[in-house]
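The structures come next, written out as structure tokens.
In the two complexes that follow, chain A is the common piece, with chain B as its partner first and chain C second.
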Partner chain A sequence: MGDQRIKNIILEIIAIVAPDAEITDVKTDIRLRDQLDLDSMDFLDIVMELRKRYKIEIPKEEYPELATLDSCAAYLGPKLAGVAAT
Partner chain B sequence: MVADRLRDIKSHYDVVIIGSGLAGLTAANCLAKCGRSVLLLEQHYNFGGMATWFHRKGGHIFDISLHGFPIGMIKSCRKYWTKEISDSIVQLKGIRFDNPQFQLQTTFDRQDFTRILVEEFGIESETVEAFFDAARGMDFYDDQSMTTRELFEKFFPGRSDVVRMLMEPIAYANGSTLDDPAISYGIVFSNFMSKGVYIFRGGTDKLIYMMRQELKANGVDVRKQVLVDRVVVEDGTVRGVMANDKFISCGAVLSNANLKTTIDKLVGHDQLSPEFVAQAKAVRLNNSSCQVFIGIREGETLDHIGDLLFTSVDPEFDSVRLCAKDVTSRTFSMYYPDTRPGSNRYAVVSSTNANWDDWAHLSEDDYQTEKKHLIETTIAALEKYIPDVRKKIDHVEAATPRTFYHYTHQAMGATFGTKFEGLQVSMDLPKQIHGLFHAGSVGIIMSGWLGAINYGVIVANEVDSLCHEDGKSEGRMAS
Partner chain C sequence: MDYDVIIIGAGMSGLAAGIRLAYFGKRVCILEKHYAFGGLNSYYRLDGRDYDVGLHAVTNFVGPGVRDTPLPKLLRQLRMSRNDFELLPQRFSEIRFPGVSLRFTNDLDDLIADVAENFPGEADRFRKLCAHVGEFDDNVLLTDYQSTRATLKEFLHEPMLIEMLLCPIMYYGSAEEHDMDFLQFVIIFKSLFCEGFARPRDGVRKIIKALVKKFRSCGGELRMQTPVERLDVADDRVATVLIVGGETLSAATVLSSAGYVETMRFCGDSPSVPAEEVGRVSFVETIAVLDELPQRLGHEAAIVFFNDCDTFTYAMPEHPVDLRSGVVCCPSNYEGHDDMPEGFLRMTWLANSDVWMADDDAAYRQRKIDYLAEFKTQARRYVPTVDDHFIASDMFTPRTIHRYTGRLNGAVYGSPRKRRDGRTHLKNLFLCGTDQGYLGIIGALLSGITIANMHVLAEE
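Moving on, here comes the complex of A and B:
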């Protein structure tokens, strides 16, 4: 799965867990919580949604890897390598 | 012949949840939405745990709690329940304080508290801002050595009136005292006293009904009047639960029972390491409560005197006096007809903090006498705000720590779970027994309604992660 696809998936999930977040103009290198008013519960929801959709596990100590869209793509890339880009 | 409350249950569930407090209900809903098979067991005839209500002759409905919660409930209910539930949450705008130090009305948000502290208490606005920012910046991982008393002394030295305004609502919300860690105060204060107080329009009965409908829609198997006797553990791993003399097999158990009840009764110390048992033993329970439920006769009305009244005749805020049997401080929750649209009824619920030991050991005669005294003094206190209330009362009754113990099975009738050290024990339980989890009112931070819902989600995530890992290893074994 390509980087861009992963970033889009994260934005799709954010739109579900935080319906009020304005996701049209998110910078890829700035922390998501600084741009979108996300709290720690929102990040937990993202982790749960990724597990549900793609059967991937993100250990608690690695949650900081989801800080920006760029870091999400770098971190999730290998985990989603075998997953079809549906 | 007793009805079989466990008729037609499945032979195995991914998760059994013990107790349907808000944490248990929310965890059940989350796990079902994650695709897990979930059985939710409640010992009482209502779901909701402390989020409950009761009916009385004359058309009275009383809400036991949920008299006010923070704005964060709107977001959490929308995410973990439904938009319909979230849309029913409305703000209570008339919050009053009345005590020998000050009388004031507030919208209960940062802006209004700032105005009051600056204009009425004469505090420098920089100090007020610094206090709000310090409280908001507090984190569970911060140093826990500073007490709430020290925090107040740092920002508002010698100002017992300021302490009272900032502390009284939190003490009623979660039982915390001036000697608890400042971080637990800061986190709850920032959630609760920042953007107003909210309530569920329609009453607790409607909220729990809507939650049950949602659980059903998501495929959760919900059963009431089923008392779980114990969690069955073999070789350090959860195998199931024994309930109503039946064994129910499952891959994980999430106990929403009181932490102490979970460890002492449902699991048993022989399944746990001696160090963990010692750590669990050292966890202190929070205080209990007394309440007086006052139903107004049909056809009578009450003037709008505010929604939530923090009243006291104590000269200063005092954590010990706040729990004393000789009550000097009360919160009145006013129920006007618009709380339950379509109803024409008025009710008042008086809540006070209380100690289990003051009530637990009374003889039956003394207990009844003390309850009557509690009712009488409460009505007398209410007459200050509604002078003619006595002749409008159609029904009145009291609940004590014994009542809470009877209905919820919470150890010592604890209405606010455990003190902050309970959180670590709750979080460490899965390391002791594979597949066993706890979510409930622990540690002040994870108490109150928002804490309960969110902690339910946090633990549901852990349970789902375990189901995911166990599913993978079973797959490996099969292949």
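Moving on, here comes the complex of A and C:
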């Protein structure tokens, strides 16, 4: 799955987790929490949604890898390699 | 295992926990002893009319732009929208004490202005208290008990103002008599005064039905009229859940909203529970139906918290009911309720549950009749022509609450000792709801969400 596809998936998930967040102009290299005012409950939900949809496990100590859209793409790329780009 | 999680009780906290868990693919079953959902906030139909139990107001109401307060947070967590609850804001409410009234709205500045007008010397000090509340760290897992009365005395000099603030806040969420934990005070102060009151037009059923629908659409299973008889324990865990009638179920985790003491009683060899852990605060509420809306009869406040003495006593009374203070709720005094076909006037008093529980059936019925007369006497202070418009009434008592929810003493706010991390002496049994520590409808929903997150979802 390509980087852009992964970034779009994360944005789709944020739209579900925090429907009132403004996601039209998200910078890919700035922390999502800082741009979108996500709290720790929202952040846990992004991880939970990834697990629910793609059956991927993200250990707690690796949550920081999901800080920005760029780091999400880099970290999730290998994990989503086997998943069809639906 | 039959389920990943069994939840005891289909009240606000059980349903919220169930939605979270079912949404994320857990096999969840909620067991409810009653035939109606909602627990302490429920609804019923009587003689062709809809009645609510609980819900005077949904607290914590904020406008659409606000994101970081309890109501929008829990809606996000439940994947639900503001429209699901159809909340309509109040116009105003009042705190009425002898010789002085304070009016508040969903804008804290209105209360600050009214305090300044009625207690000019306290204006600055009250502003400082509001700032202190706003900055108070309300992480429920970290703060130690702090007396609210002692803390308020540090900020305010006017004893009457202290009593006037305690009255609504204790009525809307203190399981403790006489005083309360300052953390609880902060949480309720914000929910009442910084955020505010709203109500779904159809009452609490709107919220409960939306939660049940969401839970089922996530694949959750709900079993009504399925009371738990016992939790069988092995190796410090709940091994099986025994249903009255003999069926047994198993689950990796059990969440109980039945109350701490009530839940311990399900466990055969549970640690003995000190008497002071059983809640004592209960209420009698009269619900009167009028053929005209109270706002057209001169009563416009959504909620009135009244107290007829200089000091406010919040405790189980010696008499069946303490008539000196109470809460008057008028559901049609919220925005968008002007076309309701009938008016409702509800009045809530502190009650002595021992008296109401000990009555035989005939004495109980007579006591309800006697207190309906007291209701009418007091209601004339708000709607002078109440007798001319009165068409029906119902009353719930500590006995009603006990019968339908299993709460010992009919203790609406549960045990005075909260277990904020939800843990029990068993490794896979956790508490949610009233005895975990968040109170009120919004608090109960947050409790279910928090416990499901902390002990099931984040644990994997």
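Here is the rule we go by: the second predicted complex is superposed on the first by the 86 of 86 C-alpha atoms of A that agree within 3 Å, B and C clash if a C-alpha of one lies under 4 Å from a C-alpha of the other, contacts with A are read in each partner's own complex, and residues count from 1 in each chain.
Convention: a residue touches a chain if its C-beta (ideal position, glycine included) is under 8 Å from a C-beta of that chain, and two chains touch if they have at least 3 such contacts.
Everything numeric in this text was worked out from a predicted model, so none of it was measured.
A.B. asks: After the overlay on chain A, what do you see for chain B versus chain C, clash or fit?
C.D. replies: clash
A.B. asks: First (chain B), second (chain C), both or neither: which does A:70 touch?
C.D. replies: After superposing on A, A:70 lies clear of both chain B and chain C.
A.B. asks: Looking at A:48, would you say it contacts chain B, chain C, both, or neither? Reply first, second, both or neither.
C.D. replies: both
A.B. asks: For A:37, decide between first (touching chain B), second (touching chain C), both and neither.
C.D. replies: So A:37 only meets chain C here.
A.B. asks: Between chain B (first) and chain C (second), which does A:3 come into contact with in this model arrangement: first, second, both, or neither?
C.D. replies: neither
A.B. asks: Report the partner of chain A that touches more of its residues: chain B or chain C.
C.D. replies: C
A.B. asks: Which of 149-157, 275-283 or 383-391 in chain B clashes with chain C after superposition?
C.D. replies: For chain B, the listed stretch overlapping chain C after superposition is 383-391.
A.B. asks: In the superposed arrangement, what residues of chain A touch both chain B and chain C?
C.D. replies: In the superposed arrangement, which is not itself an observed complex, chain A uses residues 17, 19, 41, 44-45, 48, 51-52 for both chain B and chain C.
A.B. asks: Write out the stretch or stretches of chain A touching chain C in their complex.
C.D. replies: On the chain A side, the touching residues are 16-21, 37, 39, 41-42, 44-45, 48, 51-52, 60.
A.B. asks: For the complex, which residues does chain B have touching chain A?
C.D. replies: These residues of chain B touch chain A: 30, 34-35, 76, 78-79, 454, 457-458, 460-461, 464-465, 468-469.
A.B. asks: Taking the touch rule as given, give the residues of chain A at its contact with chain B in the complex, in rising order.
C.D. replies: Spelled out, the residues of chain A in touch with chain B are 17, 19, 41, 44-45, 47-48, 51-52, 55, 57.
A.B. asks: For a test of understanding, state which residues of chain C touch chain A in their complex under the given definition.
C.D. replies: It comes out as residues 23-25, 64, 67-68, 72-73, 76-77, 79, 81, 449, 453, 457-458.
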